[in-house]
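Working notes, structure below.
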């Protein structure tokens, strides 16, 4: 990896090492829907290289399984609009979405089935890059008394970066699991991860965050306050 | 510059070319305060290399002068808190701010004087990376009927990226002037610019945006609707 | 009606008379769901007197029919949560909701069928009194280029007052149609209407707003800008 | 007082009795500025009857003094804009503000001096009725780990109602002290208080809230979490 943070003077940040808070940890899986991950989804069928996004599938399955063991609540976000009218500049930036893709109430909008989302998990419908913007995500996290929030998903340099950043604005401690994030522009993956690491999130390996989850008490449901 | 957007498949974005809308264009200068730009400011005195941030001074002065000629409203944001309590995780990430720097009502919080901010310009006080978060920036932009918003300032990979992104969420068309942005981590400048360009903003040269401003009508004050 | 605005000194407000803007008018129907309006809904079955809420049905049907003729976009909001966790203090204030009522994905959460909501209308899922809080309502209204927004629904003193107020914060001109609003506490209806009228909204009769809609051009879809 | 909540059926609410949480209680004084409270302020000089607003002065001084004894943090909000452009529909509703009053950086914008605001208190600049809208109030309350928030100020039916309501949306427990609120339209005071009481806030007497503050530990500064 290039050294993105080499500087001449003093280092203008300190990397965070965040310990998961028992009873106050939540996982947010970002936009793991057919349109991004499935070969027949809108991105795949548009000829976009989705392999770097698909790499997240196995690590996320491992993470989700461990989290379910410990009662860590799981939130799934999905990106989509009714159409171009509520899509904003995002749609103008991505002309291949003009006539379809990332549309509410379509097959492509569903969570990719092998990831095992359950009806009783939490769901967030988003229309912009950040899953906090004009959604119920903050309502859910406050209701769950979340303090440490684990983020995975796609795209590293867009929705994952935007959502983890917005989490830090609201005083949640965001933890991004590197292997569980992917993008359509793999050359931007490493610098995006670096921006999070130096700017607004703890960046963790899957191994490390799994080890931390394993040490949580078995019942990790929200505590009193 | 590295080619951050080279991919195997179809290109998953289209760069925006945004024309300034007469009477609906506003400039937002981000965090151009002594603490970032002045040799005696908190960043400079902490030994952080601020030269890449200081490079914005001349281009921004040229831009501001031209904008004033055409009556383009100018907004100055400033980053600062009362202390650590309202600083959030941002403060934990930057231990050199624990005892000072980026504090409201200090010299370091003032706009760097050579930039010529005027009392009758617009001002925004921010406490998080994005100048839209928990501030009056959107109130001002709506009041000014803004559609195209020109962004400059520091840091490219943090407050400039975050604020221009949040502008696009609210259906403003953000235009980031590359020479007018700078950072403490110059190796992250180019990838940050690329993320904006492919994700949520038009990226412009100073020359190009100056030429566009020169073509605006002389009275560019907010129009009826 | 009591005279709620009689004062000794100067009158501290001026009532607004708002003309509908062609191509930029939207109707927002608030929380017209079975749980509030249907005899078998959660409010009715809990023994709460829902007759003042049910009075809105005919006027709203008349309004909706006229609006559809002119292509005025229609937004339906619905109030509901997954449960108590994401319900907030609202749930503590209303113990009859502890075990059901206002829950997502239930029959009671559906729009009351005689109101004729169509699949291609716009929908907003809300969890707090104001339909702007943590929802996509503002995204939709911006996308539709709305300037004048007509509000109906329940409860006058809670969700209608809160949502119309929040609309004015965002520089939309809210118009509340008096006959199309109702509440569980009829004695609070008139003062709530007065607070809107003197504080943040135009209050209109059904007759007046119908007459205005009839004068809109036949195709009222969102205009350029 | 009229009985605003008399109904035929089941009572659709339960009044909240909220105990102050030690170390997590904050007072928010709303808009106690010269323009509202001082005889020479903009409201007074415009001939508006400000006596019902002025009644809050003594009770608020008693409350503030007791709070300072116990280290309860105090937040002062102020309402004002640069002018009409950023004032929104609020300004159209109040033509007597067209040329002055509620303007930032004026004498009328300052906190009414007899209330004893201290430089080290917290301050919020607001431009709309709710002190949460586009301000740093939520940043401050989160930073202070607030759970129970005591509200006072003017106007009962506008900024106090709007701000306490918005507090409940964010899962704070709002407590409105009745004697410490006032309005320009006294006939709307009681119904506004009733709407809060049945809808989104605990309503308390000064005596009761004072007694509760007296029982807080002497050092009431924010606790760990």
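A few comments on the model shown:
Should a chain be cited, it is by its letter among A, B, C and D, assigned in written order, with residues numbered from 1 in that chain.
Assume a contact is a pair of C-beta atoms (placed from the backbone, for glycine too) under 8 Å apart; a residue touches a chain by one contact, two chains touch by 3 or more.
Note that the structure is predicted; figures quoted are calculated from it, not measured.
More C-beta pairs touch across one of A-D and B-D than the other; that pair is B-D. Set against the Cα centre of chain A, the chain with the most distant centre is D. Centres computed as Cα averages put chain A at a distance of 38 Å from chain D. Chain B and chain D have centres, each the mean of its CA atoms, that are 34 Å apart. For chain A, the set of residues touching two or more other chains reads 88, 128, 134, 142-143, 171.
Touching chain B in their complex are the following residues of chain C: 142-143, 147, 170-171, 225.
For chain C in complex with chain D, the residues that touch the partner chain are 2-10, 12-14, 16, 43, 46-49, 88-90, 92-96, 128-130, 133-134, 157-158, 161-162, 165-166, 168-169, 171, 173-174, 184-188, 191-192, 194-195, 198-200. Across the interface of their complex, chain D is touched by residues 82, 85-88, 122, 125, 127-128, 134-140, 142-144, 222 of chain B.
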